[in-house]
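Both of the next two complexes hold chain A, though its partner changes from chain B to chain C.
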Partner chain A sequence: MRHTLTIASRELRSLFLSPVAYVVLTLWSVIAGTFFLVSLLTFHERQLQLQQFQMLEQIETMNLNDNLIEPFIGSMWVIVLFLLPAVTMGLVASEKANGTDELLLTSPITIWDIVLGKFLAGVEFVTILTAIAGFFPALLFHYGEPELGKTLAGMLCLWLVSVTYVAVGVFASSVTRNQLVAFIFTFVLLLILGMMLPFIVDISMSGSGVAADSKVAEVVRWMATGSHVDRMLQGLIDTGDLAYYAVASAIFLVLSKTVIESARWR
Partner chain B sequence: MTDQKNREANRDSNREAGGDARPAGERAAPLAIEVEGLCKRYGDHEAVRNLSFSVRAGEVVGFLGPNGAGKTTVMRILTGFLPATDGTARIAGHDVFSDPIAARRAIGYLPETPPLYPEMTPASYVDFVARLKDVPRAKRRAAVDRALERCGLASVRGREIRQLSKGYRQRVGLAQAIVHDPQVLVLDEPTVGLDPIQIREIRALIADLSRSGHQTVILSTHILPEVEAICQRVILIGRGQKVLDQPLAELTKGGVALEEVFTRVMTRDAADAVEKGAA
Partner chain C sequence: MTGTALLLAGLGGVALAFGLLTALLAVLQPFSDPIWIVGNLAVGLVLLAASVFMSLDTLRERVQTGASRRAGRYGTSAVLGAVFSIAILGFVAFLSARHAHRFDVSESQVHTLSEQTKGLLAKLDQDVAITAFFAESEAPPVRDLLDRYAFENRERVELTFVEPNDAPGMIEELGLGTEDLARGVVRIALASGEATTLTEFTESAVTNALQKLVKSKDKTIYFLTGHNERTIEPGPDDQAEPPMPGHPPAPKSAHATGPDSFGRAADALVNETYEVASLLLATQSDVPEDAAAVVIAGPTRPFLDGELAALARYVERGGALFVAVDPRAQTNVYPLLQGLRRRPRRRRRRRSGARDLRSGDDPARPGIRRDPRDHPRPARAHALPDGPQRRARTRLGRGLHGPRPHEPGLVGGARSRCLARERPRRAR
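Entry: the complex of A and B
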């Protein structure tokens, strides 16, 4: 545990000594700001429209949570998918490129210390990202009255998706010594996990004649991140969804450990 | 001239140290490194073949051999970086395969390329390693300062490692290896790629470490004067096998240069191999 923290804090410090962290933080802030502004303007425009057409009933049902914060976070988790590989690509790959893996693997620590240390550093970084994104919905509390619980559930969702993707990044980074390869591999994995799985199901189903509600289709859909985001964004924290993030993270961390361990036997 | 004198002085003091240790040591000094029947295969290639040797606590042993003889592989097995295909290795009584954590705690290791994080400073880097190697919190600061001091890094402790010269980087690697005051020091070609002055400094440092401490040192090299300058014993390996294992004093008895011994043994070994191949 102590060694895990040692590795995590060194990693985080090195991350902030490199330009990558700042580039990602800047891009993230700019994108979050833009998306928030767009969501805000859309919200406002819709409100004006409804007023113009005297659709009072629908104005009644409009609220900051469902019509502003939810679409905002709904687009931010997709941005994580594009930016995070740049942060996680070096986590393990750079140790191999530097030769520092020889230091870590000959120190009185376990491979779990290394894997969890790297994971923890990534988690700390995405916590900063989540906090930056959270700044914008927080502004709304100054001007309006969004529901706190629902907003927090949305932020938790963004954080959990990011944490799971860090685990994917640790794994992709541990299979290679080349950071560019790690970047592309992470990106492809996240793309499949985050966006493509439902399409894969639909396409393969339509060809093979398997019913879309079959067990296989169900499992593949369960694997897609998207299917565990919506409910939480609506403020519904479901144990099944939480289990998805925990299981996915655990699987990729175990894989990372296995890969690092098996590399020594080659 | 002065260099030679220094070297001779070093050798003499080493011999004395060895002389002190040996009569009592044959029985009393515990074995710091024990290697038995070590084999390592990479696919079809046998990098290490049935290698056995042992090193007593406090000894400075030169691990000698031509390039590609398997020196680095043996050191990597000793430090637990690589698993052996067969055989056992014990460091300070701990088996490196079955009790890796305790074995690694007893080892300070400088790999062929020093394992440095270029963006860190020597001070923060050595502190990081001290944490990894379980130096108690209360002693950590002093241990880090002492390691930096001994390796002559006090003046650059706050500079980025990437800005340091090769000689300084090598010293940072050495500081990292000694920070937890390990019982066994494993140094893989510690002076390769350095200029003559840096080489002399590193050698002086190693000699100083072995003299002042209870430290056992095993260092690999293919530079013969290095062995003559700091080692008490020579283990020569060729093509993964032990060819020779003798105290330096015996080898160079009667004024024979180590280089002659080395060349003689290696050519004889090569001839044997050819004969075996022919038969």
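Entry: the complex of A and C
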């Protein structure tokens, strides 16, 4: 564990020595701020419209969580998909490119120490990202009364999605020594895992009308991250969803460990 | 391995991956062209074979030095270890999905079913198939609601969502109209074959529909007619309720909607799983056998002797009567009611100071209303203050648990109290 933490802290420091981390954090802050502002203005405009048309029932059902925080976090987890590859691309690939992987592999630490150290560094970074995103909904508590439980569930969801994507990034970074290739590979994997799997099922289902809820389609939908986001954003924490994030992360870490370990016997 | 061999190996891997993906899609989509599957797999294998052929020298050298043997031994071990670990993780995921628990952290518990619905689902003794016909863009809110039902009793409830355009045969078979499909339809079917369709998608609507299906439907409550009673049948003036802004117009009620009618009482009884029908006793020799209760709602004309005799026979064999009589009305129903006087029961011990809603106005005779003829009171005291509609609503709103102390002219037997206890409370 000590080795893991050492590798994690060293990796996090090296992230902040390069401009990548600062660029990602800046972009993330700007995008988060913009999305929050857009969500806020949309909420305000909708409220005015409903007041104008005297739609009192709809006004009563409007609330900060469902109409502002949920769409905001729902947008941010998609942004993670685009920015995170820039952070994870160098986690293992840079070691290979610099030739320091041999030092790591021959030092008295296990492969799991290396993999978990890299993973933890990424997790710490996405925790910072989540905290930045969480700052905006936190502002609402000063001016309004959003539900704390729902808000925290949404932030937990954003963090868990990001953590899962870090595991994917570690795997993609471990299969190549080229950081650009690692970036593209991570991006493609995240795109498939996060967004494309449900589309693939839906497209293949259209016209058949029989297997829309078949077991295979169910499994493919379960594999998509997007299938495990909505419930948690709405304040419903399902242990099945939590298990998905844990299992998906673990699978990619096992794959990363196998790929890194392969350098010893290839 | 040379750069070209590596490139060929990479391309071969991609082609193989496409082939496998197309094969997976073929499982989902029966109309996939098999040429794509075979073509991708063949190209992938050829490219990989070419890559191996170009690297034969390197491979031979590795075999001679023993490197390949070592790689094979350790590599197989590592790959098998990874496959085994992933299989275990997959099994863990399967178990976690099958035995998931949910925590609703919203303040108003919007994702939690009411206790009544949970109780109903827990007591299901046969499989229930819920099929929702919705366009994908309109499905999410309904999907969330129905998903709660399926989640609550995964053993019995099976939920299926169908895109209407994708299943014309099923829609034709079920006889669903285009107007219903435009708004979406939910069909609830029991394993026994009984089914109902819903066009209102609230928890109370779904639970009530399910309750109606599950519960026996052989209990009918008859509303007596022929003596100028309050009617339940819709008249020509009964219109649909004006639509709320932003909502589709409400369907016309199956029962009367006038303020002097008992239509809303009939609606409430239907929601409580009873069949409701009008009964013209003058044309029948006896009260039907399937009558759970007979309601005599404000008669103002005298009964025929045959009718009174039929009602008396009905009560004698254990039937339940619900009588609401205006004391000023010219009716001869009082002798019938007088004949129903019962011996006082022992005083029931009360568990608390709260009023027992099942008891009547006489504490010594719980559940039995005093007949005005027994203990004459000033006529005004017996007058109906708010009309029968209001009284019926109040009574039904309390889950039919019994008459309130200040309601006049109400007669109920032991069976009617029993019915009140059997009825479940309505879902939230």
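FYI, the second predicted complex is superposed on the first by the 261 of 266 C-alpha atoms of A that agree within 3 Å, B and C clash if a C-alpha of one lies under 4 Å from a C-alpha of the other, contacts with A are read in each partner's own complex, and residues count from 1 in each chain.
Definition applied: a residue touches a chain if its C-beta (ideal position, glycine included) is under 8 Å from a C-beta of that chain, and two chains touch if they have at least 3 such contacts.
Since the structure is predicted, the reported quantities are computational estimates derived from the model, not experimental observations.
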May I ask you to decide whether A:T34 touches chain B, chain C, both, or neither, giving the answer as first, second, both or neither?
neither
In the superposed arrangement, does A:T26 touch chain B (first), chain C (second), both or neither?
neither
Touch check for A:L104: first (chain B), second (chain C), both, or neither?
first
Which partner, once the models are overlaid, touches more of chain A's residues, chain C or chain B?
C
Tell me which partner A:Q49 touches in the superposition: chain B (first), chain C (second), both or neither.
neither
Just checking: does A:G235 make contact with chain B only, chain C only, both, or neither of them? Give me first, second, both or neither.
second
Which holds for A:R264: it touches chain B only (first), chain C only (second), both, or neither?
both
Applying the document's definition of touch, where does A:A250 land relative to chain B and chain C: first, second, both, or neither?
second
Shared contact residues on chain A for chain B and chain C?
264-265
As the complex stands, chain B meets chain A at residues 76, 79-83, 100-102, 104-105, 107, 109, 111, 113-120, 124, 128-129, 131-134, 176
Under the stated contact criterion, what part of chain C meets chain A in this complex?
24-25, 27-32, 70-71, 73-75, 78-79, 81-82, 85-86, 89-90, 92-93, 96-97, 100-107, 110-111, 136, 140, 144, 160-163, 166-167, 170, 244-246
Contact footprint of chain B on chain A as seen in their complex
2-3, 6-7, 10, 13-14, 17-18, 98-110, 264-265
Note: in the complex, chain A contacts chain C through residues 53-55, 57-58, 65, 147, 149-150, 152-153, 200-202, 204-214, 216-217, 220, 222, 230-231, 234-244, 247, 250-251, 254-255, 257-258, 261-262, 264-266
